[in-house]
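First chain written, first letter: the chains are A, B, C and D, and each begins at residue 1.
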Amino acid sequence: MLGDRDVTSLAGGTEEREANTTLVLEARGLVRQFNRRVRFGVSESILAVDHVDLVVRGGDVLGIVGASGSGKSTLARMLTCLLPPSAGQVILNGRDVYTLDKETVRREVRPAIRMIFQDPDAALNPAYPIGEGLRRALMLGGRVSSEHIDESISKLLAEVGLPSSYAFKYPDELSGGEKRRLGICRALSSDPVVIVADEPLSGLDVVLQERVLALFLHEQTVRQFALVLVSHDLDRVHQVCNRVAVMFAGRVVESAPVVAPQLAPEFRYRHPYAIELAAAKDRLHYGLQGRSADHRHTSEFAATREFGTPTGTTSRMKGCAYRGACPRYVRLGRPSHCAEAVPELTEQAPHRSVACHFSEAD
Amino acid sequence: MTKLIIPTAFNKRRRIPARMLSGLVLLAMLIAANIAAYIFHHERSDSYLCLAPSHIAIIRTALGAERARESSDATASFAFGFNCSGDAGSDASDSSARLFGTSPAPIARVGRPYTYRPSLIQSGNTDRWSVEAIDAAGRETGWLAVDPQSGVLTGTPLVPTTLDVRLTAKSDDGRARLQQWKLYVDDRFLLLGTDNNGRDVARALLEAMQSTVLPATIAALIVLGVGVPLGALSGFFGGRAASLLIAISSAVQSIPGILLIALAGRLSGWNLLLIMAAVGVVLLPETASGVRELVERFKRRDFVEAARELGMSDNRILWDEIVWHNGRQFIVERVAQSYAAAVLAEVTLGFLDLTDSLTPSLGRVLLVGREVNAPAMLVPALLLLLLVIGCFSLLPRGFAELWGRPR
Amino acid sequence: MGAPALKNPEPVLEIQDLVSLFETPAGVVRAVDRVSLSVQDGRVLGIVGESGSGKTQTFFGVLGLSRGTPGVVSGRARIGNVDVLEGLPEHIHERVDSDGAVRVVKDPAWRRLQEERLKGVLGHTVAILFQDPRRSLVPYWTIGRHLQEVLHRKGSAPDDARRGRAAELLRGLGFAEPARVLQSYPEQLSGGEAQRAMLALTMAIKPRVLIADEPTTGLDTINQALALESIVEQHERHRMAIVLISHDLSVIDAMADDVLVMYAGRVVARAPAAVLRDLPDEAVHPYARELRESRRRRTLGQPIVAGAAPPRPLSPTGCAFQLRCELRSRLDADRQAMCATEAPNLKAVTEVHSVACWGIAT
Amino acid sequence: MTSLLRNGFLTLLLSLALVVALVAIPADNLDPCADSVAAAATTPTWSVRVDSVARRVVRGHLPCASQLTGSDSLFADLPHLLRTSGALVLTTMLLVILIAVPAGIAAGRDRHNAWARSAGRLIQTLSSLPVIVWATAIFALAFRSGQSVMTNPWVTFTAAVVTLLLGDRLLGDVHDRVARSTHELLAEPHIRTVRAAGFSMRRHLVQGLVPPVADAIASRTLLLVGGAIVAERLYGIRGLGSLVFDALKSNPMEREVIVVSTVALVTLGIMMRAVAEGAAVLADGRRRM
């Protein structure tokens, strides 16, 4: 489905793909504040997610990329109705899920939006075998009548490639890859409309990661759900997603379509942090190889960087959160505008919006 | 698609493990013994706690005694010595008994010497003692003799009868003091023999078990019914009221438990139910904080959020996912320990001679056994105590095997 | 990777035929199976393999850091001039268990002997960069305290000189305000910061061998690049040997001089990085080839093709890789039988490249 | 430190309230031996009763106590009684620390250490028998070696200590908790870093182990105070425990003695728990942080 993406076809195709897919899930102005006790009596309030707007369309594979601590996991848990936001709404077929009563949430919202957890081992109750866990998922999902439970358990397991004898195994007898597949199987149990996967690749090695992502895409073609992939791995997001939202310190700094990596200039990232991410990724693959050759590059890179990457711990920072490490801010002589006004997401290219007061050209 | 029938409850097809079986058998024996004791207890006449002749036959055949004899006198019941009305030791007939410091043993054994040494409270001057012992048919018996100077009664009964004994002490100023009691001469075989007062030890143990094990269930129920929910709720929902309750109960815990139980016993006039309720309250905090810590440990695990993501209600997550599936073994162990601790508390009270002799208690049997150093009493009582402790440690292990993962 | 001139070819760390067993709920697992390797001074040895392939357990077993029982049961190991596993066979004995299973048991004296022997090695000749730095650093010590402890043991410089030295170490690793980091506790740092703080700790130790266990997992691309470049810089400056353990071939390829490929506790291929990169497909071990292809797809950002291929578990008998191996189907009958029955051991194909596979001509 | 204060203070407050409430419960009959309460008419009102007791307790003149303690005032005798009970509890707890803690650490450090495992099993089986069984066994021994031996105070003291030590799973519980916390501590990731960086392990082991061990000791100390008063009564040691039980057994019940000795016992328990929790707080940097 997403196989043959070279620059031209996708660029042309992006528009009409957007038009016919219906809006599935929308987040408007999501804010989440935690207060953390630093010392006795002194507590510091942290803005983990700061006014995030997101749109998920049917058949979409939306990637949310950012450093650990940039609030992407918190955003994921707010999208799946697990963590009520301090402000803002999450709209599923026209209704804000956080205003619905418990019963409707349990009957309609839960089966529609499913989450795959970061640590698959922790998401399984160690006290009973996997089959029992799936049985509860199916019963609560409400899609299967009780006498067909056994068949649908083995069907689900077979769908993700696990033999049905695994139903008797306990969670700690499974390998990392198998637990990931079980996570997917558990999410599919209620025929969801949206699946939010929080770091589904952590703990897997390169080959297994590919197989799990292939399984995700295969299930998506079969069951037509929208997939939101939360990850810190820009490579994988480029290989799988058709849209990406780059997050930094709780804010979406750039939302753009994903196009093949050897990008024509107009498809490259525009926000300094996103550019930095992509550059670091490429340097990992190409730059480091000539390690001893361009040694100058590494040391010069480290020296100029005032690098204390803020970990989203800055409470509502005035102005742009990235200016502490932003080369454009330094290049333009630390403009005061960056320090006062919070940059809003503005459309700087077709389907690409960037949260920065200035652009590469200035 | 291979058709696979998975038994919905995944550990259904598993036979009951051996240890569990032995625990259950022991428990069944205890309960049966208690029910038997309760039936006989119910039958007792108001003055003496004793067996009606028909019941003696039942016990004797049950205990395999070789000679069952119907006593001729239907009303003459086989005195057991735990007199449930009036103070211990005094017989019901004579108010002057209060003058005598000691009390005569109500039972004599055929072929075994019977002695009694009265002690007058104000015996300033010399007294002359005389005794009359008349059996039901009004005949004077010859075997009971008294030493005129010291008043010591001695003799060895030959024939099993019921005697009315009158011991009179005449002082030289003409005042006479009288002690009168009903003496039962018994020749039946007793499985565990008798204690120093001729009382049947087996009967005492049976009686004691009934008054120790059954009421202990009240303590266990309090621990289970109040401790576990309190701990679970305050652990999961962290309610202010629940944690305040736990703070209060941990404060109560700082007062030595045995003292509280003894106090409750004394204030309630040794009403067993209240004592056991006090034991339950004393044992409550330990279980409550144990369960709370367990629930808090599991609450932080991700599978709780995963269960919430499935749409499970908080209650079901707490009681099914955490307390039942992950906490049941801990709770069974804790309740079994509380049950054993309740029995031990009651036995300790008896052993420390804190309870009055009205309530038959294993502790008192041990106490008497200790004082007179009668192994015949000590050994069976200890074995019974170890039986109770053993039973309550086997049961949780049996559950562990049943609920554990199949190997 | 052009390696600097071999000053002192005598290897600083050598392991021969190491075997270590672990008791798990599913029975006794042979985590490390007759592994032999050596680390030359001043060179970077990269070890790549799936999680659970024994790449970390090989080193942690020898250094007494693994918790599993019984742990290392046979083999020899030399670090610097200390023969670490000397006298091991006397401490190993078999014991028949209650249910008839024969269990290998080490008597407790071995643990004390090991601790005594490693006292001069750990923290002097060897330093370790752990995978999860935020949890591995001592939670109730500040970063400054960690560095003070090492610097105090290393030299007898007075207090303030040591604090200056610690601040300078941190600045060298790209920390903008070392003072703040010195007073903060590990949990107050971000993933990347904690990683570089632990690297500073290992630099203060000035070891002859640095073992970096998955230094890049869980980090976003910027911090990954920074972590690797900091390791490279310190390697250049202090001329120490590095053992880089990762499941990501692109990280190994970027930095390692020699590469060791491990699978299911066995070394299946060993070659210099340059050689491994240029070898034709049929000369490389099938698993190494799979890793290479996966890395190439990732570097080029080639979209992942949807597919629900079932997982391919390890095969307990014969060559562990046989169930996943494409090469096996193209072999003739008797070599296929060999794959099924007997595990191949490492044989030299050229004087620098050796492979453990029946299908590759030696 | 705050938890320690709050906890200790709350406990003392609540136990005092509980004991005063006991005083207020209308007794079944008047207190004949208290000649100083001459003015007590029928059943005095609640306030009068509390007031009279309080006055007597404060003034230290407790005539009823004289029958039991033989001295003119309970307060003169209290220090000695408290010392005996305290000594009993402290010796037992020291022995527990000397036996159970090292065995627990050895068992926790290496699960397959045969010696440590057998020691652990021995401790478990021994301590699973209740205090009663040990007391009876010791009495049987005493009878065999003649009645007089039980009168020597040192013999009864050691007998009481042994009974307490081996009874009610005291050793077994402490051993298990220490073994479990050692095992968990050694599995902590930062301990691996300490070993890998060549730091001295002892400081981290102490800092990691003292809090759980201190918590285990603190919680068992309270139960031990209960056990101690039972042992005193069993072996006839003149301590707070036997005084309380005598007061309980006396007819009519002497409330003042119970009030005073309960408060003394509670303070004894709280002080010991405070010492244990203090040690835990001082050792664990994490709590201080």
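Throughout what follows, contacts are C-beta pairs under 8 Å (C-beta built on N, C-alpha and C of every residue); 3 or more make two chains touch, one makes a residue touch a chain.
This structure is a prediction, so every number in the text was calculated from the model and none was measured.
> I want to compare two interfaces, A-C and B-D. Which one has more contacting C-beta pairs?
A-C
> Would you kindly say which chain has the C-alpha centre located farthest from the C-alpha centre of subunit D?
In terms of C-alpha centroids, the chain at the greatest distance from subunit D is A.
> Indicate the whole-number Å distance between the mean C-alpha point of subunit A and the mean C-alpha point of subunit C.
30
> Centroid of subunit B to centroid of subunit D, CA atoms only: how many Å?
26
> Averaging only over C-alpha atoms, locate the centres of subunit A and subunit D and give their separation in whole Å.
So the centroids are 57 Å from each other.
> How many Å are there between the centre of subunit C and the centre of subunit D, using C-alpha atoms for each centre?
Whole-Å distance between the two chain centres: 53.
> Give the residues of subunit A that touch two or more other chains, as numbers and ranges in rising order.
Touching at least two other chains: 170.
> Touching two or more other chains, which residues of subunit B qualify?
Where subunit B meets two or more other chains at a single residue, that happens at 405.
> Examine which chains touch each other and state the graph shape they make (line, ring, star, complete, other).
Topology of the interface graph: a ring, with each chain touching two neighbours.
> What are the touching chain pairs in this one?
Taking the chains two at a time, the touching pairs are A-B, A-C, B-D, C-D.
> Can you check the complex and tell me which residues of subunit A touch subunit C?
1-3, 5, 65-69, 159-162, 170, 172-173, 175-178, 181, 202-208, 210-211, 213-215, 217-221, 232-236, 238-240, 260-262, 276-277, 280-281, 283-289, 291-292, 295, 298-299, 301-302, 305-311, 324
> Touching subunit C in the complex: which residues of subunit D?
For subunit D paired with subunit C, touching residues are 109-116, 186-187, 189-190, 192-199, 204, 207, 284-286, 288-289.
> Across the complex, what residues on subunit D touch subunit B?
Where subunit D meets subunit B, its residues are 7, 10-11, 13-15, 18, 22, 25, 128-133, 135-136, 139-140, 143, 168, 222-223, 225-227, 229-230, 233-234, 244-245, 248-249, 253, 258, 262, 265-266, 269-270, 273.
> Over in the complex, which subunit B residues touch subunit A? Could you list them?
1-6, 8, 10, 301-303, 305-313, 321, 325-326, 405
> Going by the contact rule set out above, which residues of subunit A touch subunit B in the complex?
The contact residues of subunit A facing subunit B are 77, 80, 82, 102, 105-107, 110-111, 114-115, 117, 119, 122-129, 131-132, 135-137, 140-141, 149-151, 153-155, 158, 164, 167-168, 170, 186.
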